[in-house]
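The first chain written gets the first letter, and so on, giving A, B and C; residue counts start at 1 in each chain.
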Amino acid sequence: MSTLVIPGDEITINPDVPVILGPGMYNDPVTRDILPVNAGILNTSNSKKGQTIYVEYDSKRYTPAVGDLVVGIITGSFADSYRVSLANFSTPVSLSYMAFPNASKKNRPTLVIGDLVYARVCTAEKELEAEVECVDSTNGSDAGFGLLDGGMIIEVTLGFARSLLFNNEFPLLRDLAQHCKFEIAIGVNGKIWIKTDEVKDTIACYRSISDCQGKSYDQFRDIIKKHFQEVTTTVEE
Amino acid sequence: MADVEENVVEVHPVSFPPEILARISPELSLQRHLSLGFRSSSRGFEEFRDVTINTENLTDDKALKDTIKTNNEKQILGSCVLKQGDVFVITHITGGVIEDSTLSPDDIDEEEDAELLEITEENSDITKYTSVYPVVEVNRGRMGACTDEEMITSQRLYDTLLHSKILTKKSLRVDPGVRITNEDGSVEIIYPDTEAKKEITKAMTPKKKWSYVLYAKIEVFGRTGPVYDMCWNSLMFALQSVKLPRAFIDERATDLKMTVRARGRNAIVMETYNLLCDPEESYRLPLRDIGKSFASTYGLIDLDPEADISKLDSAEDEDESMEGEEEEEVKTVLLADIDGEAEETCIKSTISITTCPNGRFRQLSIVGGGSKITRELLQKSIALSKQRSSDLTLKSQQD
Amino acid sequence: MNVQTGYLQNVDGSCLYSLNSTKVISSVTGPIEPKPRQELPTQLAIEINLRPATGVPTTREITLQDKIRTVITPILASYKFPRQLCQITLQLLQSGETESLFNQLELAACINSTVFALVDSGVPLKNLAIATTIVIDSNNNIIHENITDDILKNNKSVHVIVYQIENNKPSNLLLMDSHGDFDEQDVLKVLEASESNVRQLNKSFREYIQSKLSN
């Protein structure tokens, strides 16, 4: 069931079942109306808990939500936490020194300003500063989080980053892997970190990923091929 | 568990005297007042503040008579002191003379013929009209750059005056006379519209054209709420009191020409006119009656049933009655002449109307950020604004 | 009406809007961290900057900014982002009217462009606002489309009307800004004429969004 909604449209809600509102939906505190606040595709699904409603829309500005996997930049350090930027000009989030694997009072993490980290949002209240963690807090393992060393950041729209991360059918990474070997970390805040063995491969990957935004699946192959050909035929001077 | 219960602190409801409540929760204070049927200023919903107007007191007549001033020195041509509630608005209108370089004399003659025809008609091209340049200053006891409110009010006054077509460009045109020294040594000023010595004025008509420009300095003291209405009304009264001095040129200067060498090469002929303002002769600024209008502002606010004092006691005990109330139709009230901090910040829907005494509008601005503006409320505010406009017109005639 | 959203690369939302000979680019960035003096404890603050097609901003632009603000503030779901800021910047490319006399065409274009840029940026909106300009000429005819500078100059009255769009229909009147010579009947006629204009604009905007999303 997918329909286009625009802010202010009326949504049919079954009043007998509890409602869970996802992104793009809003419960007005004064009028108590439930309405979509973004333009996009409306998704409703029913489960045992109730009906879930959210709007699938694309944007560029990330606002933290609990559980999101993000790529952040360390912009400052304090007595017990780092300040991390998830999007330019947005309010920074904090990353506690204790939110690392095997952390203790004596064992401090060694990140410096300008480092990239892969992290997960653990609290996100609109009234408070959001927090991220570099550890799986359920079992204390590193779970792939932590410092991203070297490589390059590609900024993409949030919708594109979500497709890359969650959509298993999305062919881009598979197509890319046929040309070179790479390490990748995808943050739903629209930042993609990529690292390859050679600079020219990094450049080709960067250009390919940037260019594939907003294109259809069958164009991906040609775009990637074009960029890899470009970097291999260019002679270093 | 037992421990906790022993330490339970009893919470008393905090109560504030009305004036403190009004500061910390203006919305609630306003709603409580409204539920009792009057406003915090103890006015009724549709009651305006009283207005007193005093014009011409500030006009610098005396200075005008004492010395001949050149057009560089500004002096007060018209003024108005308006008091509405606790707010004073002092307007003084000053002027200057500018050379109208956009038109050559031939053009003007042609244009004037056409213009005469058009002006008689009800409406004509907006470019034939002009406005004054208002500067609004809201005094708050501190110095600094002008605030947005001052800029916005000034611009609104300018726009409304321009579009109400009250001032034609022609009415501000300077028609200079000539000061001549007679054979017997006496000095005399002759104006083109006097029949005597027509041949002299005709012979000495300067090639250049001048216009007056009017500036309005509007100072607000003791601001308590939105100031646009008061500024507009004050400006209207002040404009009606404006007297423009007549201007003349000394005969020796009427066709004085000088050759000026600029950078050694091209010679430019400079004409200098010594345009002076007559200390004795002045005339009223011709205003088109059709444009005279007065402004009033209305606010719309939904009554909050939960803040209703009369229902407060009963609602506390019975939750059911509360539920019933929610289904009730929201009641919106119209408040005339918004004033005070609470009304200014809490009322999001406003209607501002500038109305002529004959019931036609010159300016209307509706802002609908809060309560829904229904046709009935709009019509009610229109009726009130017509009433207010004719009241103020009467007032201006009394003075 | 010609709309192109996502026109600028480095802002969160943008829109190039043109109607007849008025053309404006708007950009939206937000929610971002505000300056301390802009911060509102419970709501999203907005900052609007308007640049004219020629010259530097004057009191005229400040007044336009204020009018845009009165329209945008009520449609934002502002309690969703307390202590945050939404920055809106508008650059006029072509005025389409004599700037010293009028602002009506620019105002309507700026409002529409801003709303579309807000939709593009994903800043939460409770509903849309759509603006239109109406002129009553000296023969008491209502002119509601293809308004040129000459039509404006020969007006009897000029009106800018902004309607709130709820559930695909114009509902509340958000702004009416009228100048000139008119009466009560004219006001009602203008409101009626503008409603159909707004409906039309809303329809074409919806179609634009639909085509953009299906890509």
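A few comments on the model shown:
Note that in this section a contact is a pair of C-beta atoms (placed from the backbone, for glycine too) under 8 Å apart; a residue touches a chain by one contact, two chains touch by 3 or more.
Just so it is clear, the structure is predicted and the values come from calculations on it, not from any experiment.
Touching chain A and chain C together: no chain.
Taking each chain's centre as the mean of its CA atoms, A is the chain most distant from chain C. Centrality by C-alpha centroid: the chain sitting nearest the overall protein C-alpha mean is C.
Taking each chain's centre as the average of its CA atoms, chain A and chain C sit 33 Å apart. Here the spacing of chain B and chain C, counted between their Cα centres, is 26 Å. Rounded to whole angstrom units, the spacing between the C-alpha centres of chain A and chain B is 54. In chain B, no position touches at least two other chains. Each of residues 164 in chain C touches at least two other chains. In the complex of the two chains, the chain C residues touching chain B come out as 59-60, 62-63, 66, 70, 73-74, 98, 101, 103, 138, 152-156, 158, 164, 172-184, 187-188. On chain B, the positions that touch chain C within their shared complex are 121-127, 148, 151-152, 154-156, 159-160, 162-165, 290, 348, 359-370, 372-373, 375, 378-379, 382. Taken in their complex, chain C has these residues touching chain A: 11-13, 29-33, 75, 77, 79-84, 119, 121-128, 164-168, 206, 209-210, 213, 215. Interface residues of chain A, counted against chain C in their complex, comprise 4, 6-10, 24, 26, 28-29, 35, 37-41, 57-61, 63, 89-92, 126-127, 214.
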